[in-house]
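Two complexes come next, and they have one chain in common, subunit A, joined by subunit B in the first and subunit C in the second.
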Partner chain A sequence: MSQPSQALQIRTSDGIVFDVCLEVAQQMGLTHSWLQSERGDLKCSDGPDDDANVMPLNRVRSDIFKLVLDWCQAVQTVDTPLEHKEMLQHQRSLFQRILTESNATDSTIFELIIAADYLNIDGLLQAGTQHVADVINGCDSVEAIRERFHIMYEGEIDE
Partner chain B sequence: MATKQETEPRSTSLLQLNDDVLALIVAQLNVYQQFELTQLHSRLRSIVQSLWRTRVHSVVLQDELLCRASSRHFQAFMLALAPHLERLSCHRLDVRRLRMLSEHCLPGVSCLEWLGDDHEPRRGRVRFVDEDVRLLRRVFPSLRKLKLRGCQVTGKYLHELELLNELCLDDCQYLESQYFRDIFRQLKLRKFDIMEDCDEVNCCDLVDVQLCPTLEHIKIADYHLCMESDITQQLLRLPRLHKLSIYSKNFVFDVLARIARPSNAAAGGIKQIEGFRFSGLLHDYERFFRELSNLRQLRRLEVHGQSEEGQLQCLSDQMLCPLAAQLPELCELHLCGYQLESAAGLLQFVINCRQLRILDVTRSRCIGNAFIGRCLAVLSKQSWRTQPLELWIRQSDINPSCVQNPRYLVSDRSLRIDTKRMTPNIDYMSSVLKFSFVR
Partner chain C sequence: MSSRKHKGAENIENLCPVARKRSTSKNSAVVAAAVSATKTSSLYEHTSSPSVLTFEALEEMGIGMLDSEESSSSALSAITLAVSTTSDENSNETTPCTSVPRMAHQQTRMSLNSTASTLDSSSVNNNTIIEVFCEESQERLLLQSAEKLHALAQAKRTALVSSECGSNSNSPSKRTRNPLATVTCNNQIESLLPPPPLQQTPLSLLPSTSKQALLRQKKPTATPPPPTTTPTTLTTRLGPTDNFFVYRTPSMSAHISSGINYFDRLSDEILLDIFKWLPKKTLLRIATVCRRFNCCARDETLWTRLDLGLRTLRPHALEQVVRRGVPVLRLAQADIQDPAFTCESSTDFQSRLQYLDLSLASISLSSLRTLLAQCRQLRKLSLEHAELNDEICFEISQNSSLETLNLSMASGITAQSVRQMMESLSKLNSLNISWTDLSADAVTALVTHIPSNVIRLNVAGCRRVLFDTHVATLQKRCPQLLELDLSDCNSLTPAALAAIMKFNSLEYLSVSRCYLIPAASFIELKKMTSLTYLDIFGMLSDAAMEVLEKQMPKIGINKFIHSSVGRPTVGTRRTSIWGLRTRD
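On to the complex of A and B.
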């Protein structure tokens, strides 16, 4: 008889609860720390009403967290260890795929980067910041950067 | 990523990211792009400045980096970098960019590389000339290290760079011998590199090198040794000389004979050679080792072979055994990338060189377990040995059981096998004889 897989319940800021398997959860530095400090030995999820087993994510919405989970699950499927450069390239492609599949807007991208920073997922943060750097690199003037990223002139009144 | 503004909420801005994340983004841009960001917002300026405090001590400039920089923006960019900049490397940069700085001063820059076009100048390109050396003096008053490559300088104003202590002239084919007198007399050079002058016909006469007693490291080509006169003795009499590197493709034995067998070695002032390194192809190793055997005080010997038509060059026991007998002070022996006849030649070094502590045979063939067994037998009889011999050998050349099986009695007291130092040192330039002198 197989053991039930261990899972962690994570509740996002909009109240949605996700069941996240332990291997995926441990990719997130924040959950890893939470497991160490709040839970001690991980117990299997006892049910939806067991709040002690639910990790709160007060700064991440469910739509963004879904993208984070997409990322973590895709990273986990890489079997063979990659050289550092290959890993970076793979992560960039993966990030691009997630953006394309979700029709991500700038707002989504920035929130995904903020979530990666908050959750302490180095690979996702690296891929996200590289993506933005690439977009800046594609702008052909300072004004083009300002327009692209809606950077107001300082002192300008936002109507 | 959506590109149409009408689909975006107006509040979506790069600045909604926190400073740490913005710093990560900025760090992935080139230095000129970072400068452009400083013009957008004070927060970005603050982040860039914070990054620059530790990350722009050394900057590489290329035309591609500055393709959209106007003259005014370029000057503003360099002045913004100035407080942090210590080392500047200009790779095939249009010299007109440098001349835009003629009214400015970058006092923090102590090291400058100007790497021009190597052989084929780009069409319409303006070249770096003597007047640009004078500009360097004004713009970089604290310059201590200078490398010029592919420039049209004669050397006329180099002596005006008063603080210079390292000078490298690479592929500067317009140099004139007459100006080297002032260079050697007025500059307190510690390092002088003209090895890649690459013009055997019109190369410079360095007869006045003796006027620079501060020289510690010299890199020249073989034709510099004997232009109008032989300067070998002058070189060997320089009081602080520690390293002499001589590029020689076709006259290796002649160079060795001049350096290793100086005609007035009995006279005072000739330096003792403690280290020698060579990497390249030779066709008479017997003669090579015969010349090396004159270096009786040698403590470090490195010889790196190269393959010829896919085959390693061979070293016979007959070549190695006499050499082992002539170098009693040897502490380090590196014989890398050769096909050895047998282990007998190497064993002679273990037997005769009582100071030997490193034996490096990486990339050489025909070593293996038999050598280790015989080596241990020799070492076990050397009761005077206080330190183990380190054997650097490729892991694939020995049976792992050799280092694990106690039957082989590999003990740290006698022999320490190191299979980690495997990198063939690609930094060694081929056909260079490098002599190190006792300080």
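On to the complex of A and C.
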């Protein structure tokens, strides 16, 4: 059995390697399945430099991944198991916090959602989609929605 | 260019569904031809620039026929509704509907051109001329006493005013493009009419280009409006002249096209994830944002349930709702205005409705029939207090998966209908047919044909028509009955109790106000091991009640005032029907 290292190494699309503790990594469905498929096979105690132990993440950039990690770690620190609704709210507020802390732009928000989908992190995906939904709700009119999100209106729409 | 033009023509068709329906394809071709003909010729008259300019330039400037969708179709539907219904509001005579949209199409084309040419040119003169002939045309129009045109103008004005107030900010009619508030234009108009004299002439209705050219030549001078040369204000000032278009100013559209639309990076799945958080109103609004949103917003996973209780549904609104494919629909106490369906809709469309609550809804017989004719997958249906007839009952009976049927206090149920429903609804297990004024024949039909699956039955209120023999027959048909409500069936005698005793699984029994059954006989019921609740309201004095309670300690007596058989909403759960949530 390979050494029970507590950290998993993940390399993002721009080549930066992150050390992620296993607990956090477990939150991500993608790493979870990766761990189960690949790491289980590795018997030899290779050094940490070994490329094979680093999980590649080709679709996520480092800055986004950092935010994802922040979120996962924050969620991790919740001790008492919350009820579903409370959990949602908590995750939402975490999400908001991360956004404001990092001066997130629209690009960041959407990248986060895409990353959450790719990494298969349900909580983050819910929080992100809720956030965007709130923004949509906040727009007063259809035109406002288009302006806010730069959506081109290209043709007749049947009601 | 040609493809765009084509799209344009197509779009026009979409502007007015009514026109599309009524006019033959030949007509629409004529319209399109006429329209494009007039367009090109008028262009040559006005400006020196080639006609190529119109479409291309417009597209580039981000101005299109597009926001038209919102304002135009609502405006047009406003027109058609205003015009086609004998509305006292407008105090017009009704104009044939076909003429309205055709003229509308022409007219919108006109305004499109006028704006195009205006925007294109920088000369004030051009503006003046166009403004002038607009004014001229309006004067001409008003002078013409042709009823058609007058009605049309009126309708146009109403639509226009609504679109005007919509173009700047949100008028309620525009904000929610939902079918449930199909047209509120008419109501708004009243407060806004008559248009202030200073208002830019809203009507640039031009029947023919030759006249238009004529006018232009005739009156080169008139009080021109203050020549604001910035395109922005020009456009907004001309806003009112474009009846059905909300024009984006060049600056606004530049802003939109300069930013990145991040939604393009999201998969449809994620988009649905976002949409699922939205309340229905926003969902309908967002469906008009762009084509992709429209597709996604229609996804059936977002429309699994809908609560329209206590709402008023305008004509044809119900049809739209049903067409969304909603499986769980609550329309309790809704007011469904006629006609709820257009005449084409009754053929071949199968709705996906499975759980339908129409308790206390006001709906006409024909609308109800059309609605039910489209339902073949109903599982639970409540028509409490509804007016029924044989045809409606026939449609009900065609829903072979129906499990729960609540017809309490409904009227118009004949013996034949009862028989038909009982014979066809083989999966029925909860039936509430209380207080429906059943005839003796109907009761007989009920008990002789009732499917054996029925485990909850409420036949309360069958005064003088339900006899002991019926109960006996019922027992033979449905020996597994769990709940039986026979209250107010005052022809029942103690002999009925003998039959009742044969129900081996009966848990709940009500014989309230069956005065022919003496108090002493109730003690017999103690022998029924399964019986848990007994309602005998109005039968015993308090003292006798106490005695009985002591004698039958295991049975809850008089615990339920209201029957819950088949009822969608019971107790405090106000908006869920049969345990299914309807609110978001």
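What we mean here is this: the second predicted complex is superposed on the first by the 141 of 159 C-alpha atoms of A that agree within 3 Å, B and C clash if a C-alpha of one lies under 4 Å from a C-alpha of the other, contacts with A are read in each partner's own complex, and residues count from 1 in each chain.
Basically, a residue touches a chain if its C-beta (ideal position, glycine included) is under 8 Å from a C-beta of that chain, and two chains touch if they have at least 3 such contacts.
From a predicted model like this one, the values you see are computed outputs, not experimental measurements.
Chemist: Clash or fit: how do subunit B and subunit C relate after the overlay on subunit A?
Modeler: clash
Chemist: Based on the superposed arrangement, let me know which partner A:146 touches: subunit B (first), subunit C (second), both, or neither?
Modeler: The answer is both, since A:146 touches subunit B and subunit C.
Chemist: Mind working out whether A:99 is in touch with subunit B, subunit C, both or neither, as first, second, both or neither?
Modeler: The answer is first: A:99 touches subunit B but not subunit C.
Chemist: Of the two partner chains, subunit B (first) and subunit C (second), which one does A:78 touch, if any: first, second, both, or neither?
Modeler: Touch partners of A:78: none, neither subunit B nor subunit C.
Chemist: Considering only the listed stretches 221-229, 239-247 or 401-409 of subunit B, which one runs into subunit C in the superposition?
Modeler: That would be 239-247, the only stretch with clashing C-alpha atoms.
Chemist: Using the superposition on A, tell me which residues of subunit A are in contact with subunit B and, in the other complex, with subunit C.
Modeler: On subunit A, the residues that contact subunit B in one structure and subunit C in the other are 106-107, 109-110, 113-114, 117, 125-126, 129-130, 132-133, 136-137, 140-142, 145-146, 149-152, 154, 158.
Chemist: Quick check on the complex: what are the subunit C residues that touch subunit A?
Modeler: On the subunit C side, the touching residues are 7, 10-11, 14-15, 62, 64-70, 73, 169-170, 174-175, 177, 179, 246, 252, 255-263, 265-267, 269-270, 273-279, 282, 285-291, 293-294, 320.
Chemist: Flag every residue of subunit A that touches subunit B in the complex, lowest number first.
Modeler: 99, 103-107, 109-110, 113-114, 117, 125-126, 129-130, 132-133, 135-137, 140-142, 145-146, 149-152, 154, 158
Chemist: Under the stated contact criterion, what part of subunit A meets subunit C in this complex?
Modeler: Listed in rising order, the residues of subunit A that touch subunit C are 106-107, 109-110, 113-114, 117, 125-126, 129-130, 132-134, 136-137, 140-143, 145-147, 149-159.
Chemist: Quick check: in the complex, which residue numbers of subunit B touch subunit A?
Modeler: Subunit B reaches subunit A through residues 1-2, 7-18, 20-21, 24-26, 28-29, 33, 36-37, 39-42, 44, 68.
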